[in-house]
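Some structures to go through are shown next.
There are two complexes below, and they share chain A, which is joined by chain B in the first and by chain C in the second.
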Partner chain A sequence: MRSATVLSANQQARSSRRLRREERATYFWFLIPSLVVLGTLSIIPLCTTIYLSLQNLNLTQPFLSGFAGLANFQRMAADPVFWNSIVVAVIFILVPVGAQMLLGLALALLLYNKQPIVRISRSLFIAPMVIPPVIAGLIWKILFIPNLGGLNFFLGLIGIAGPNWLETPFWAIVSICMVAIWENTPFVMLLVLAALESMPEEPFEAARVDGASSTQTFQFITFPQLVPVLLVALLFRIIDALGIFPVIFILTGGGPGRATEPLNYYAYTTGFTYLDIGYASALALALFVLIAGISVAFLRFKLRAVEVE
Partner chain B sequence: MKVQLQSDGIRQELGQEFRLQPCWDSPLWSFGFFNRSSEISFNSIPTPLLADLKLLGIIHSKDWEEIVMDCFLSRRAFLRLAGLVMISTSTVLAAACSSPPAAPTAALAPTTVPAKPTVQPTPPPQAAASSTAASAPAPAATGAPTTSAVGGLDPQLKAIQAAAKPYNGATLNVISFNFPYNDAIKAQLDDFKSLTGITVKLDVFSEADMVKKVAVELAAGTGAYDVAYADGGLIPQYAQAKWIEPLEPYLNNPKLTDKDALDVADFLQAPWESGQWNKQQYGLPTFVGTQLFYYRKDILQKNGLNPPDTFDDLMAAAKKINSKDLSAFAIRDNRDQAGASWPFPIFYLGYGAQWFKSFPTDMHPTLDSPEGIKACAYWADLLSHYGIPNEATATFDDVILAFTQGKAAMAIEGAPLAAQFLNPAKSKFADQTGLKLVPKGPAGRFPPFSGHNWSLPVSSKQKEAGWLFMQWAVSRSVFLKGSAKAGNVAVTRQSVWKDPSFVKAFTYGGQNLLDAFNQSIAQANAQYRPTIPEWPQLGDNLAVALNEAVTGQKTPDQAMHDLEKDMTALFQKAGYYKS
Partner chain C sequence: MIKRRFWVDFVLSGATLIWLILALAPLLWLLSLSLKTQLQAFATPPLLIFKPTFVNYVDLLQNTDFARYFGNSIVVALGSVSLSLLLGVPAAYAFSRQGFRGKNATLVWILVVRMTPAMTYVIPFFMIYKTVGLLDTWASLIILYTLFTLALVIWTMQAFFDEVPRSLEEAARVDGATVGQSFVHIVLPVSGPGIAATAVLCFLFSWNEFLFALVMTRNAARTAPLAIVNFMAYEGAEWGRIAAGSVLVLLPVLIFGFVTRKYLVQGLLGGAIKG
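Showing the complex of A and B:
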């Protein structure tokens, strides 16, 4: 039994007012599932972490538990390991993310091409992003073994004596940055490719007519249109880079010494190996503040940058 | 399609210009829901045309109300309904997922085992599934238990069976990790069920994961596990946190324990002590780990060297053997308390250093004593100059890999891992591999020692049944059968070590692994690593200090001083002393 209704203009006006109220009710009902998930997985643990960071809680020393006020934060401020972990975290943000942006942009420009071979290569380039980070860590661990691994073998074929990856602080940081870059460049590349594909044709035609060289085309037409996308990619990469864990866990375990121990890894060891939950919560809060601060500053900058255009 | 218009002529008149479309042909199909007046309908008829039609008097407004949407569910109502369904399913799922999880690993399904008694303690090495070998076993050496007559049960198992009568039908949750002893137990859970009627669900993880999971579960006190596996050196931590029960009440309860049958004196000394804290027994020992010194006989012969027995010999041999293609030495050095901190005390204690001024009365650490610094310097020198290139992150996997691939001439690694070194299928140089005890220093020989235990969580709701499982899992026949089935060599009962079938199974091509293993354990000291609750922190920080010394980030002096400072503060905070 199907039929169609046809409404008068008056009826339409009346029902659209009613609709707005009912629509709002519908929207509310629809938000409930995501609010529930967000609440249980994000808000509640955050509040619990704040509460725990104000406590003295070591699971193996129950006799020491009690309210500690800001003692955990004072301890954090005086802890050289904490400051070292901040430095390491900043290194792991600056170096890999910078390289990822440059490489991702370059790769996207390279692969922005309609030829079939290029389209196939695109899928291959995306592969590192798809592999779970733990697997990537295990693959690279084998590659990094100095005398038995693949990397030094191939370098030896070209005649370069490969260094002892992972064995000295400098090379360990370089190795982890390499793995992070390998893993995440496809993400940036995808975003930039999508932006390139959606750019309007007319400015390019105009540029060709005006006789602009390819560098000038890139500088004045392509790049300004890519800036919003690049900023989004940058924000995502920065937030993600602070959460670099599986690769470090597999490859170096924070070593040698404490050279590759960023803040989240330090919080993990404190909480799960030493079972010092109070202090670990304080460290986790510090990480949260760091991420939130970076994101807020970044979004402000992004809004300004986009406005200026 | 029900359309009521004043006359049919309209359709004919307008012809192709408009068509009343049924409600679900439009892209946003919608149904009606008894609620005509609030319908929003797609409108395939443009409004101006409608107005024209009205103006023309072709369609009266009255008629419009006759044209009803006969479908019964409006779009909005449908979406509302879908939203409610989603919410309810998600809440149901959330409730289901938050209930205590059933054991994830597939425990052996309780098959109906024929009601035969379990085998005698000496099964033939080719034993398939539970055979009822009726042959009277040869009398073992002194101290051997009275082996039962043909068709009877071993007295230990008999005692457990008698005590388990009230607990028939219980189900236990047990957690363990993935290694040969666990395989041995898993393969015999059916036997346990037929012996006592108790079903056991075994959760198996990797070692590091198991330690963390046990800590979390015991701290939360959920009662998720009835018997928990305590890894090496962790009994003090669990005992102090009051997560596990002292076992004296169970040991002294004649209804649960037949002390003669349990035969506590049969356990090796150091493993038995590893289950104690504050002079109370908290665990039953399951596994004893130690390390041996492996070496390549051909390389040592080529260089005219004897297998080194002292630290100086070792350093001299390493200097001579080390070359670009062949590292002299391989040992764990990764930054974990199960990494560098596991073999390091060989040298630390061997040079005469102590962990504390006077354990347990004066707990000030003495990590930066001259002997301690000497040990650290020796370690840094040996590893950085003569060790495998990836020393700083080497785990036991890397050590085995380097040695079996011929990239290292000497190694110190776990004794239970000897199978990897001596098995021709796994090692290219198996026939050239020799083994002996770890080298000794000026203060003596301190072979590594690690004892694992079964422990009884306070939060368990089936402690008595759990206690019976613990007894069964460390009984003589279970160890023997496990060795035959799963190649588990690191057992904790002396009678098993002396059993002929056990000896025969673990003699690889002339090498008497068991001799070396046994001697190593006999000389082992339960205080090889300090049995304090703060061991994980001490071990981790010690490994970091060693790492830094090996990679040259700090001098050995500096590394040990910093470590001493940190550990003094840590122990002060833990309340061992005031200043």
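Showing the complex of A and C:
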């Protein structure tokens, strides 16, 4: 009797071990296809880019191709167009992203409201964000056409003489910024709104009991709780701003001159207009390093912010 | 006090309304353009009231290849969505249920894929496709889009599976079901909403994408957004066609976007925070 019990306990242990092994095997086969696909599709291109950036490879001059060492990077350091593209990229981060953050926060506070009408209208506000960026560009391209497009007509109604939007460097930059703000403010709004809705009630009730004004409540209770989500929104907006492409492609093509040609777009024209694949790869790598640097710096900063809390 | 409260509400509602108009007016302008003749479209002052006409839509569908390009968009989007769901949903489940060494590193790596600028992928993929002869095929775009949508699926579905209680699966396991069986018969049936929302997010990504489609396709696999842009290039801009085509491309996106607004946050961030 006793030995039988021992035996069955042994059997149970063995069968549960077999179950564990079966379980682990299943999870392994669940994971492996995804990891192989992601690994192949992300590591091979990155290695290829690094390899290409070390080559002299211009598709219009196939006979000149060959190993170039660091020549592409030396060329980049001395290339005024590259430094111009960095300046433009910084402008396209500072102005639109700054405005998106402020306006998105304001809009979220406006829409953080229990009235059913407001709740329904929230979905309408996100329309500019979900449409294809290239179509956002096309809509504004039409609106910006002087005299015919419509924007200047409506500006005229409120007494503003609209400029020739895409013609001069200054107004071309303003135009791109406007479209970027129109398109991406809802992103910040959505994030902040989600954060507002997940805040605990108690601190607000306590503040009300203590007679805090709404300004004080915002300054001392709401805003500090929003800081983490604002930082995340900021990171995503900066990274997306560095990758801005369709809007520039449609509206200005980088011009007039190179006034609206950020690093991203410079890499594109180098690679696919001038077919200088080697140098374009070096530029794309520079962009990659820039974004990786920003992300790492941001993660460190964010970690510190969390520790302080 | 009540009077002041009223004025505050009044000003705030007014501001909200003006904002809403600014956000939507460009879209309505596009819609109105698509329903005007070329002559009406650029009348000065702009016509606000006019008799709508569908000539642009008829012209677009009869005299151009737009329907075929629209079909390309659908094939490419559905292809990448189904592929990434097929691969990503089981992986997300394994991530959610099983701890293993390097799990966090893997998840961070997936996030890095999401953050890497598209330009870093365009050049190498172009060269690779050129070498293996994949340029201007559905496959070229499906493969590229799957890279991004797969990362999206794993992040969002992992967060979703974390919320699904384990008690049911455990009961089934005690009754002798394998992990695979309990996943298929117990977890998947309750995951419909999560999978649907993730599928929509992936669809939006593929449908809206421009840069890859611009570089990798010429004519055979050209997607709808590119076809619209091409109306700008040839024989002067044909704004009627552009507007009509844009509206057709916008409609599914707007509907999907509104329906899944709640999930957009998570999806857009690739799970960097929980919405």
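FYI, the second predicted complex is superposed on the first by the 276 of 309 C-alpha atoms of A that agree within 3 Å, B and C clash if a C-alpha of one lies under 4 Å from a C-alpha of the other, contacts with A are read in each partner's own complex, and residues count from 1 in each chain.
Going forward, contacts are C-beta pairs under 8 Å (C-beta built on N, C-alpha and C of every residue); 3 or more make two chains touch, one makes a residue touch a chain.
All values derive from a computational prediction rather than experimental measurement.
In the superposed model, A:33 lies in contact with both chain B and chain C. By the document's definition of touching, of the two partners only chain B reaches A:269; chain C does not.
In the overlay built on the shared chain, the residue A:148 is in contact with chain B and with chain C. In the overlay built on the shared chain, the residue A:60 is in contact with chain B alone; chain C does not reach it. In the superposed pair of complexes, A:107 makes contact with chain C only, with no contact to chain B. Judged by the touch definition given at the top, the superposed model places A:241 against neither chain B nor chain C.
Touch criterion met: A:166 reaches chain B, while chain C stays clear of it. In the superposed three-chain model, the partner touching more residues of chain A is C, compared with the other of chain B and chain C.
By the touch criterion defined above, A:286 lies against neither chain B nor chain C after alignment on the C-alpha atoms of chain A. By the document's definition of touching, of the two partners only chain B reaches A:254; chain C does not.
Residues 19, 22-23, 26, 30, 33, 37, 147-148, 272 of chain A touch chain B in one complex and chain C in the other.
Across the complex, chain A meets chain B through its residues 1-9, 11, 15-16, 18-19, 22-23, 25-26, 29-30, 32-33, 36-37, 40, 59-64, 144-148, 164, 166-169, 172, 251-259, 269, 272-275. Looking at the complex, you find that chain A touches chain C at residues 19, 22-24, 26-28, 30-31, 33-35, 37-38, 41-42, 44-46, 48-49, 52, 107, 110-111, 118, 121-136, 138-143, 147-148, 150, 153, 182, 186-187, 190-191, 194, 228-229, 232, 236, 239, 242-243, 245-246, 249-250, 264, 267-268, 271-272, 277, 280-281, 284-285, 287-288, 291, 295.
Within the complex formed with chain A, the chain C residues making contact are 12, 15-16, 19-20, 22-24, 26-27, 29-30, 33, 42, 44-46, 87-88, 90-91, 93-95, 97-98, 100, 106, 109-110, 112-113, 115-128, 143-144, 146-147, 150-151, 154, 173, 178-180, 183, 204, 207-211, 214-215, 225, 228-229, 232, 239, 242-243, 246, 249-250, 253-254, 256-258, 261, 264-265, 268-269, 272-273, 275.
Those residues of chain B lying in contact with chain A across their complex are 1-3, 20-24, 32, 36-45, 47, 50-51, 61, 64, 67-71, 76, 79-80, 83-84, 86-87, 90-91, 94, 212, 215, 219, 237-238, 240-242, 327, 334-337, 339, 388-393, 398, 401-402, 405, 407, 533-534, 536-537, 540, 544, 547-548, 550-554, 573-575.
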